[in-house]
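Note that subunit A is present in both complexes that follow, paired respectively with subunit B and with subunit C.
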Partner chain A sequence: MIIRPKYTQVLAVSLLVLATLATLAILVFIIVFVLGKGLPNINAEFLFSNPEDMGRAGGIFPTIVGTVALTLTAICIATPFGVGTAVFLTEYTRESRITRIIRFGADCLAGIPSIIFGLFGFIFFVTYLRMGWSILSGSLTLAFMILPTIIRTSEEAIKSVPYSYREVSFSLGATLWQTVYKVVLPNALPGILTGVMLSVGRSIGETAAIIFTAGSSLRTPHSLFDSVRTMSVHFYILAREGLSNEKAYATATVLIVSILMINLSSYWLMNRFILRKTK
Partner chain B sequence: MTDRSKFIIENLNAYWSDVQVLRSININIVSNKILGIIGPSGSGKTVFLRTLNRLNDLVPEIRIDGRILLDGKDIYDPDVDPVELRKKIGIVFALPIPLPASIHDNVIYGPSLSGIRNRHKLDELVEKSLKSAFLWDEVRDRLTTSAMRLSGGQQQRLCLARILAMEPDVIMLDEPCSGLDPISTSQIESALTELKKEYTIILVTNNTKQAARVADNTAFFLMNEMIEYGPTDVIFTVPRDKRTIDYITGRFG
Partner chain C sequence: MMKLFSEKSIKKALTVIAFSAIAALLLIVVFIILEGLPFIFKVGISDFLFSSEWEPQMGRFGIFPMIIGSLVVTLGSMIVGIPLALSGAIFLSEFVPRWAMRIIKPTIELLAGIPSVVYGFIGVMVLAPLIRDYLGGPGLSILAASIILGIMILPTILSISIDSLKAVPQSYREGAFALGATHWQTIHMAVLPAAKSGIIAGIILGLGRAIGETMAVIMVTGNAVILPKSPLYSVRTLTANIALEMGYATGMHRQSLFATGVILLIIIMVLNYTATIAIRRRVGKK
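So, the complex of A and B:
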């Protein structure tokens, strides 16, 4: 039997549209479901007061502080190492067995389940280095987790900078480092930022690795050595222990909305950045 | 020729992996003159240019032997820093490649690498270089806009200005007009004729007429060899080699 090209065309288009709609529908459903249950329970008090009675009442202020502190510290640790590694792999070495091994290692690191990172962080940072359950232990563990993402996205961003820019820079008497610093990195920045933003998202959403390393204290932290609870961990505990469904969904709503806002603002930043270079 | 030599090149060979891409080139490049290098694509003109500022050092597959003396000093001596060498020998590539930054920042790229930070001195350099490249009048009131928004011809003149701001000794141009319209081309040519008072210029071109118009001396490259070299009027009127006649009369290439 011969199917006419006209029909296969119609069939293909309908299937593709269907797939897209299904994806969108699931996404919208999840967001609407969580927001619907969470939004009514959110107010200024919920955002800015301490939890009471294990989280059954009160707000989530310490977990917001905890999430921000943990994520920021992790990003600040991982970004210089990740970008540095990417620059070294792309600009300072030629493709060889060693660079392939490093890259393979990074890919393997990316595939390891987060609970393993958590266990490692617990054994190494919390116990062996005696950092205890703390922002420091947690963010170091998170940094290990997000390092591969930052390395690989930075590498791709650096590779996408046209070779001709480098050639121009060298021909004008630049050293390799001057070329990297003045030409390659500025032009790779939007791509590098994308990787960093992905990592922020992953850090905010992480629970398994954090329970093991940062603990689940409900107090507002005052230093890097204090134990904290992040919003994700708080949500997990509220839901698992059956403490309060309303508070759990409200926490989830804050999480989702903050991730949305971070993504939107980074897109805005990136666009502004690119516009400034070409206008 | 009683003129002073800028470059003396002796028995220069270059290899790309196992393939020889330059065959025993011998040439004296004279100070404050324009040397035109003509020849078909793939004849080794670009590789030749890039050996002169050691840009080929960046390509590990390329190996060279022979001697290249700049003002009497071998530029491949171990104590010569290629970074410093490239500051003395500017190159304009075939396609205009402005860096994605403002016009002003493009021009000061070279000097700022050397650590010049003085705003006043930099502004002076920008104006002087853009004027010498015949571009100042078109961009003087929009120096802070992106260089990417200039036309192709303007971008190529910007690339020339960017090199002039380094205050080099030698200016090399690798088919600088291949993508440009006749008016932009003539602007570049006027700039070059003006600039040879201060600089030694090497102009690689696919366009034999361009060499005839602006070059003082002309070298003809074919199949990785230099076939003939002499004053432009001699090369274009009474060349010694039959292949040169064939090429400039358009019988091949």
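So, the complex of A and C:
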């Protein structure tokens, strides 16, 4: 049987519209559902007090500190390596076998599931290097995980700096490093920051890689060698062990709102970056 | 001090730094394999892969149910995710004006930012009770996991598909229109074939994400070590197996979890390699 093209057109388009609407509806549902149940339970006391009774009561303050400490440390470790790799790939070499191997390595690293990072972090940092369950082990593991993202976005950002900028700098007698440091990097900064922000978002939401490397202590950490529990690990434990749905929803809300804010600001940054480039 | 920041030493430093990603990758692969491979040989490859008995305390280590679990859940997520993602990508790239796409695409990509634990929680609180009440079974099942994972991989597939659809030259569409094709005919006869390898690369990346996903899967599959007979059965995936027992495993048992990691790593590597080839083919064509 042959259906007239006019009808397949109508049929196909309506299916496409339906599917797109369904996708958007799912997104809206997830966010509204979690925020709807979580927002009423959030107040200053929840954000700034210690959990009591394994998290059944009280707040999530130590987990916020833990999340921030872990994420910041991971970013501080991964950014120099990521940006350095990107600078090397774009400014210091031509396309060659070496650059292809480096890119292949970064792509493979990006594809490794977080539970494998967790296993590795546990056996290497926690056990082999004897760092124990600590912020340091957790953030090193996270740094491994976000490295490919930072390399990729920094590379794109550096590539998009017009070549004429470099020529002007060279013509003024600047060396390669001076050009990179004073001309290329400042101009690529918004693009690089976008990658960093995306990595922050990913780090905040990560659970599997962290639970075996940073542990799940509920105390507020005082040094890099203390074990911490991040918000997502805390949420996982609350939800999985059925400790308190109310607190779980509230924690999920804080988690989602902070990630959405970070991702939105990275979009904003990226758009401004693109706008400025096209001007 | 000046010597330290000379052009030469900076170049050397950058060269060393540039190998950090490769070094990280090798370190991970080597440590997981060192810890897991001897175990596989001790137990025997075929016993480890194809035995259905998983009783670590009794010294029985068969991960066949987990391999099946991972495959079934991933397949299910593809069935849920691909049609939605592809339809969304086609609609957004071909029918929606540019300004609207600039709003809708990031919105859908925000789906990717929601942590996997939150997806898992929604599966437990909303989806599992629905399945239990209307379809029967325990609720925490292959079906629930497929739907949740399908939604999770949707943004990955959608966003890569949009990029490759956008990369199809406008002249292809004009040619098809000039021959009197309807908009839909143009899309499925001219645009989709041209964007195929990019879309496939996106699907493979989504596949990799689905197989590697851990926390959401632990929460919604129910984690029973059995061979499933219907989508309403509970299963345990390879990733869940590692995460569930890592907390208390010691000795042989712990090694067996690293061995599970080795198998997972091999599956992911094969997938990534396929995706890289698919992407390279697309680039080569242009």
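Just so it is clear, the second predicted complex is superposed on the first by the 238 of 279 C-alpha atoms of A that agree within 3 Å, B and C clash if a C-alpha of one lies under 4 Å from a C-alpha of the other, contacts with A are read in each partner's own complex, and residues count from 1 in each chain.
Just so we're on the same page, a contact is a pair of C-beta atoms (placed from the backbone, for glycine too) under 8 Å apart; a residue touches a chain by one contact, two chains touch by 3 or more.
Keep in mind that this is a model prediction, so the values were computed, not measured.
Visitor: Thinking of the overlay built on chain A, is A:90 touched by subunit B (first), by subunit C (second), by both, or by neither?
Guide: So A:90 meets neither subunit B nor subunit C here.
Visitor: Based on the superposed arrangement, let me know which partner A:175 touches: subunit B (first), subunit C (second), both, or neither?
Guide: In the superposition, A:175 touches subunit B and subunit C alike.
Visitor: Which partner, once the models are overlaid, touches more of subunit A's residues, subunit C or subunit B?
Guide: More residues of subunit A are touched by C.
Visitor: Contact-wise, after the overlay, does A:167 reach subunit B, subunit C, both or neither (first, second, both, neither)?
Guide: First partner only.
Visitor: Touching A:19 in the superposition: subunit B (first), subunit C (second), both, neither?
Guide: The answer is second: A:19 touches subunit C but not subunit B.
Visitor: Touching A:139, do we find subunit B (first), subunit C (second), both, or neither?
Guide: Neither partner.
Visitor: Applying the document's definition of touch, where does A:230 land relative to subunit B and subunit C: first, second, both, or neither?
Guide: Once the two structures are laid over each other on A, A:230 reaches no partner at all.
Visitor: For subunit A, what residues appear in both contact lists, the one with subunit B and the one with subunit C?
Guide: Subunit A residues touching both partners: 175.
Visitor: Mind pulling up the subunit A residues that touch subunit C in the complex?
Guide: Residue list for subunit A touching subunit C: 5-6, 8-9, 12-13, 15-20, 22-24, 26-27, 30-31, 33-34, 80-81, 84-85, 87-89, 92, 101-102, 104-109, 111-120, 122-124, 128, 144, 147-148, 151, 175-177, 201, 204-208, 211-212, 232, 235-236, 239-240, 245, 248, 252, 255-256, 259-260, 263-264, 267.
Visitor: Where on subunit C is subunit A touching in the complex?
Guide: Counting only subunit C, the residues touching subunit A are 5, 7, 10-11, 13-15, 17-22, 24-25, 27-28, 31-32, 35, 83-85, 87-88, 90-92, 95, 104, 106-108, 110-111, 113-122, 124-126, 151, 154, 158, 181-185, 187-188, 205, 208-209, 211-215, 218-219, 239, 242-243, 246-247, 257-258, 261, 264-265, 268-269, 271-272, 275-276.
Visitor: If we count contacts the way the header does, which residues on subunit B are in touch with subunit A in the complex?
Guide: So the residues of subunit B in touch with subunit A come to 53, 55, 58, 60, 83-84, 86-87, 90-91, 93, 95, 97, 99-101, 109-110, 113-114, 145-146, 148-149, 159, 162-163, 166.
Visitor: Residues of subunit A touching subunit B in their complex?
Guide: 94, 164-165, 167-175, 178, 182-183, 187, 277-279
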